[in-house]
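Chain lettering (A, B and C) follows the sequence in which the chains are written, and residue indices restart at 1 in each chain.
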Amino acid sequence: MKILTLIKLTLDISQLKYESTGEPLTEIAPKKMGDSDKCAVEEAVRLKEKLGAYTVVATIGSTSENERIIRDAYAMGIDEGYIVKVEDPEILQATSIGKIVSSLVEKTGPYDLIILGAGSLDTHSYTLGSIIASKLNIPIIAGVDSLQYVDGFFEALCIMEDGAYTFRAKAPLVVTVTTEANEPRIPTLKTILRSKKMEVKTLTIHDLGVDDVVKVDLLDVKRYVVNRRKILWDASEDLEKAVDKFIEVLVSEGVAQ
Amino acid sequence: MSERYDVIIVGAGPAGLATAYFLVKKGFKVIVLERGSEPGSKNVFGGRIYSYVLDKYFSGWRSEAPVERWVRREKLSLLCKNDVVSLEYEIGREIDGYDSFTTFLSRFLKWMALRVEQEGAIVATSVRVDEVLFDDGKARGVRVGEDKLEAEYTVIAEGANTLLLEKHSLRDKISPKDITIGIKEVIKLGREKIEERFGLIGEEGLAQFLLSPLFGGGFIYTMKDYVSIGVVYRPLIKDQVEAKDVIEELRLHPSISKLIGDGIPIEYSAHIIREAGYRDLMSKPYGDRYLVVGDAAGLLLNTGFTIRGVDLAIESGRLAGEAIDRISKGEDPSIYVKLLRESEIIQMLKKFRGVPEVLSNHKIYTVYPEIACRILKNMYSVDESPITLRESIREATGSRFSMIKFILELLFMVKNL
Amino acid sequence: MKIMLYGESIEWIKQARTVADILDGETIGVTPSRELGNEAVKILNKVYVFDSIHYEPNSYYKTIYKIAEEVKPDLSIFPSTIKGRTLAGLYAGSRDEPVITDVVDLRYVGRFLEVKRLVYGGACVAVLRASTPLTICISQGAFKPSEKGENGKIEYFSRVDEERVQTIFKPREYLGIPLERAEVVVVAGRGFKKREDLEMVKELSSRLDGAWSVTRPLAADYGWADTWIGISGAIVSPRLYIAIGVSGQPLHMIAARNSKTIIAVNKDPSAPIFEEVDYGIIGDLYQVIPRLLEKIKKKT
């Protein structure tokens, strides 16, 4: 079995700061491997340990931090890694990323399983896995909370708004996992040292036969400003007043008498 | 674990990386273990590094190191409640390059780590060393979780938080009176505003030291787009604001807030500083097959306003490297201390050994700024009866007071910072 | 302009119709439910209904793709739910057209569409320029429901099977009003110390004829509930959203932001949620909520 894990360098949005004009200071925000991507790496490594799968990881980007997250994946147990060099990957159209990945699959595959995080923390589109599946014309199971491999089938549990879905499918398959899927391991010294010595291969989009990428035509990004009334009462000063005000709101909204 | 190294260095701060750099150049097989996710991620640092040490050992650094600005303007300011008295020195154009520069330590250390790796050492991050493995008092490596890593020599470069040294009873827990807290904030202001407001052109930078009864000693460094402001906070000063508010207090001072008030704080950090200086130096920073370098050994110079550590750390790394080389050739481990004693570092620490005491008498923060402001206020207040300098000083201090002596005393305090 | 929309609830279809109103487009709906199709046809120009026992993205998207080959839409709209996003990605990928999720507004500027979408977990709004054909996902509540009606036609379409995937579905047992339809939603956050304390939330929601839920950590980490409100859980837009002990992380707020009125109780005055409320009570929920319940009980 051969598995490809896709990981993305994402902004730690909890530490995002803004210009006074509201523009996010993305260049100084700390970046890391996406949380659900880390779960995808963990899932791949577990399949390696259980079934002897060969594991490959890939990311798209052009900074030294991309290499860092590949090594982080090595330290968790991945066997081989690629960086596809593209400037500003965050403003690529998702469909362009889909094309790059499907070419990568052709060049380095075939893979039985392509696994990635369900949604990245920054754009959280939840669409990349499905775009890849459609490009490769293989099925997808998206938003997986628990993944098993039973009798030649991948069996995935997905908890959704209306209930619990269990999907079963054979390879080849695309799976996107949520952060519920597992608890990613913390690398040991031994695996970190191993990761330092492993080669990180780089590819350009031309190596992959992709001649053009389409960028999103981004006009503006600003902090989301909420226009709400923001009327506050301090209950630690006057509990009775605060509770009465609460009830007034319930009454004026028509949900209490 | 089968892998064996000549030297394990615990901590990828300036001292640890420098030790690695000099050792790997001498042909040792070296590994640096850092608990943060990147070199420098656990460091809090004001922002200035002195060039001389890099000139000596890192060829080509001026073009490749992540320099923010070259310091051309040095300023000392005494902050009163509303007024400020400043003394400024502008360095003339230097052909061979300036004596110091501002930088973000995290970026600088990333660069140092890169140089170290280019020389052939390994710098492994997110590795937390749990203990040094001792065999009959002889260090033979470290334990990280379940893994053991062996080496001929172990170098402890863990910084001010001496967890390993304390664990192995190699050093006492520092007494609270010898601790200060370095608090720093990085503020985004933009290149244009910085150059306009601080009067800087191109790559020129400003380093400013502050004295104030409100927070003690502090600093301002200009980066390209950012301003780094900080305070060396002494919890023992009476009537002082709380640590968490101290930066806010500094930012709100009228003379500071007009410069950076509209900037956006993007980073806040606080870190322990061992302040005892020469007194704090480990008497025996070595043992059988191990050495202690940098902050962990007390080798940093807290001058009261800022922490001068990077150049000393690099120098101490060089000495540690040389010591290990000589120990491996059969010399006694005490050679390390001998090398340190002969070095500039100890001389400098000795020279500044009085500083902590001077600083802890607080006069420098509480009295001097007030006096300076009063003197100048009297002098420059114009009313019907003009006042002479002598009268102004007498009025401000109520006694005989030498302005020259006062200025010299202050300059002594900030010299070599 | 032809606008095709894939809907799973009538509330969402009405909101998607608003997008069609903005762009002055013809509306063609697609839905896997006959019941919903019968309702949708009163709002849309045409509705394709395909029969399905339950959701399976691979067969669904192929079906929708086949319908699109007939319809030739300029703009295709899906819900910003996990199902909707998955389908939108598959569909747009197979049609080789761009897909933009979390759309909150759009309009024509010259020949181009100017699309506003949420990014960074809802902390920011990005404005993008796009051209058709295009696929977008819109969140429940991002647009006001359209009041326009149509007398459309229904066409039954047979579902394209996907033999490679087998599905077993266990529907959620709803107790009370489903979250997405509730007029009042009471949500508990990490300010709650014990699972039993959620009884306060349940009681308050039932007294207000609303539904209750929790934030993600309470469900995913503590296991105190099966679902949560958040970008990865349920997205709600009630008349009144009552957040108790909720700090207000962007990934949670994005899912509640379209609520008409938001009131929060939190003891930390600097909690980010107070930036996004109409009314806020700074105080310990263990004091405020019991007292509130007492007073409400007394009144009724």
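The rule is short, and it goes like this: contacts are C-beta pairs under 8 Å (C-beta built on N, C-alpha and C of every residue); 3 or more make two chains touch, one makes a residue touch a chain.
The shown structure was predicted, so the numbers you read here are calculated from the model rather than taken from an experiment.
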Original post:
Classify the inter-chain contact topology: is it line, ring, star, complete, or other?
Top reply: line
Original post:
Pick the pair with more C-beta contacts: A-B or A-C?
Top reply: A-C
Original post:
Just by CA atoms, which chain is the most central one?
Top reply: A
**OP:** Starting from the Cα centroid of chain C, hunt down the chain whose centroid lies farthest away.
**Re:** B
Subject >> Separation of mean Cα positions, chain C and chain B [Å, integer] >> reply: 52
Original post:
How many angstrom between the C-alpha centroids of chain B and chain A?
Top reply: 39
**OP:** Please report how many Å separate the Cα centroid of chain A from that of chain C, as a whole number.
**Re:** 21
Original post:
Which chain B residues touch at least two other chains?
Top reply: none
**OP:** Two or more other chains in contact with one residue: find those residues in chain A.
**Re:** none
**OP:** Spell out the residues on chain C that touch chain A in their complex, using ranges where they run on.
**Re:** 54-58, 61, 81-83, 85-94, 96-99, 101-102, 114, 118-130, 162, 164-172, 180, 183-184, 207-210, 220, 226-227, 231-234, 239-240, 249-251, 257, 261-263, 265, 267, 269, 274-284, 287-288, 291-292, 295-296, 299-300
Original post:
What part of chain A is in contact with chain B in the complex they form?
Top reply: 17-20, 25, 28, 68, 75, 187-190, 192-193, 196-197
Original post:
Taking the complex as given, what residues does chain B use to touch chain A?
Top reply: 1, 3, 31, 33, 38, 122, 124-127, 144-147, 149, 188, 262, 264-267
Subject >> Residues of chain A that touch chain C when the two form their complex >> reply: 11, 13-14, 16, 24, 93-95, 98, 118-119, 121-135, 138-143, 159-170, 178-180, 214, 216-224, 226, 228-236, 239-240, 242-247, 249-250, 253-257
